[in-house]
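Pasting in a structure now, in structure tokens, and then I'll have a few things to ask.
As written, the chains take the letters A, B and C, and residue 1 is the first residue of each chain.
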Amino acid sequence: MIALLLRDLRLATRAGGGFGLGVAFFLILSALVPFGVGPDRATLAPVAPGILWVGALLACLLSLDRLFALDHEDGSLDLLATAPLPLEGTVAIKALAHWITTGLPLVLAAPLFGVLLQLPGQAMPWLVVSLAVGTPALSMLGAFGAALTVGLRRGGLLLSLLVLPLYIPTLIFGAEITRRGAEGQATATPLLFLAGITLGVLALIPWAAAAALRVNLR
Amino acid sequence: MSIWKYANPAQFMRTTDGLLPWLVGAAAICCTAGVVWGFLTPDDFRQGSTVKIVFLHVPAAMMAINIWVMMLIASLIWIIRRHHVSALAAKAAAPIGAVMTLIALATGAIWGQPMWGTWWEWDPRLTSFLILFLFYVGYIALWSAVEDPDSAADLTGVLCLVGSVFALLSRYAVLFWNQGLHQGASLSVQSGERMSHVYRYPLYLAMLGFFLLFLALLLIRTRTEIRRRRLAALQAREMRA
Amino acid sequence: MSLLSVHDLAVARGGLRTVEGVTFALEAGQALILRGPNGLGKTTLLRAVAGLQAPVAGRIEMREDTVAYAAHADGLKPALTASENLAFWAQVFGGGGIDRALAAMDLTALAHRPAAALSAGQKRRLGLARLMVTARPIWVLDEPTVSLDTASVGRFAQMLAGHMAQGGAALIATHIDLGLPQARVLDLTPYRARPGTRATRPSGFNEAFA
């Protein structure tokens, strides 16, 4: 399992792997929003939590269609399915690799984008915490969507259609934490909800995703 | 004899063949009677004549949710017992459910414009229905995208299971996110008298009508699907022979 | 007990049975070559043995985790070097002996070249060398000699012979003569599924309604 994680990370950092593309996308989004809604601090600050979270969702979505598709094309997925690793474990590891290459950089870079969008300073820690707690669920749900669409020719668009509705609860609680943080309110309740969703997703989705993969492999 | 004998496609076709004309007739009568009776009710003292849209809105909203539940049950039966008709019934129900959701959203908007002064409000109920609609669309899209029917049935079954959990989760997350304008349930067992009898009986009739309408449409669509499969199987055999 | 025994196996592709009633056994040190025209279902049968696809009928008996599968796609990552690719699969399957595997397919000189820079034949050789690092007794091979030259086919036959000498076995779908005297040949043509015979269980979704 460690070997698979290391391989995926190594592939992501080598040429054509697309490591950091998510962050670049996030940066562009944060730069574009002020052009759309105007540069005023008064306009930007209230929408910043939402924009940042929606940006994180979309950045996460960018690299999802390649999560299993590449392994499917070159036959690795067949071989992994016959390996002693349980397919559920393979799914979990690939989702973890996806999180390390897209989710984690987002978490770390988020304060920078918060500054661009005039997010109040007191909300920064909450933005980082909410992203750190919420993005693992995004990667795992994305892995489920990628497993559903792995054999399809036009899988990319369908993948977004299937995955984005699943992101709604995470988005709601994640943005709520950041918004409450900005307004100096208590954040414990949405944070607990968000953590609960993430833990539930991490515990249960690997089985659903592995079932979908098995169907698509046969 | 158990209920599972109807899972046999031939038995299903035979049974529904006799049932269908009655069902279509009953659905037509109940729908028409419910809506027309609803239209003849007196105006509400607060909402005026706009209240009459409730005879379309409430039954459609009820069916929108119940059809998803039916799809979940049908998917579970397919996944656990591998009854092919069940998978096709789930597939056949999805577009009906999506249309019911759209009717509920559209009638709600038409009613909301004069009453709330807006076509759309990010109210928890409205938002939940929009999310439900997205789930229907995703489910239908996945069915049409996967070519192999066995895989399509399995994948959509898994999606329906996971989707159900997340639809429910979204419902409560949305409640947390925004307390709304929408009034409570029009019909509720616990709250006792909320709606006058004048409105209640035509509403019951309209709900029954919508339910029968769904059943009739579901049977027609499932029968079409079964025939399509039979045709495909016969063509495949023909090609190989 | 034999390494692999297959009883009355039937497989389906695209909802239609392709072959049925296939029975054979594979002992340690044996190789079985499957032959038959295109579209008969050799690949489907091999995938069923590898556990990637459920058979429509029949039994496949073997111990768990004994099959190494190799098909048209080699499972190589272009960004990794030849030895990195092998090392990954060795770790996943819990095997080893990467240097020996590279040497067997004459890839030692190319060990540090990225797989993207290998030719089709070299990739194929690397894909076959992967079998050696899986430490699994049964090799299930689907057209293993595609894009190999004569010398490489000879090297591959040597590798197979070595594998069988160590108590391994191989199930191979191929059209060319590998030059393995100990290999038996099973022609699948007589097992072609006859249309019209009523199956005990539907082989595909659509067939359930016919």
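Worth a mention:
Just so we're on the same page, a residue touches a chain if its C-beta (ideal position, glycine included) is under 8 Å from a C-beta of that chain, and two chains touch if they have at least 3 such contacts.
According to UniProt, the chain labels map to these proteins: A = Heme exporter protein B; B = Heme exporter protein C; C = Heme ABC exporter ATP-binding protein CcmA.
All values reported here derive from a predicted model rather than from experimental measurement.
By count of C-beta pairs in contact, A-C exceeds the other of the chain pairs A-C and B-C.
The central chain of the assembly on a C-alpha centroid basis is A. For chain A, the chain with the farthest CA centroid is C. Put simply, the C-alpha centre of chain A and that of chain B have 32 angstrom between them. As a whole-number value, the distance joining the C-alpha centres of chain A and chain C reads 37 Å.
Put simply, the C-alpha centre of chain B and that of chain C have 48 angstrom between them. In chain A, the residues that touch at least two other chains are 218.
Those residues of chain C that touch chain B in the shared complex are 14-16, 195-196, 202, 204-210. By the touch criterion stated above, chain A contacts chain B in their complex at residues 144, 148-149, 151-152, 154-155, 158, 161-162, 164-166, 168-169, 172-173, 176, 190, 193, 197, 205, 208, 211-212, 215-216, 218. Contact residues of chain C toward chain A in the complex are 47, 50-54, 65, 67-69, 71-77, 79-80, 84, 88-89, 91-94, 130. Those residues of chain B that touch chain C in the shared complex are 9, 84, 87, 148-150, 153, 226, 229-230, 232-234, 236-237, 240-241.
The residues of chain A lying in touch with chain C in their complex are 2-4, 7, 10-11, 14-17, 73-76, 78-85, 217-218.
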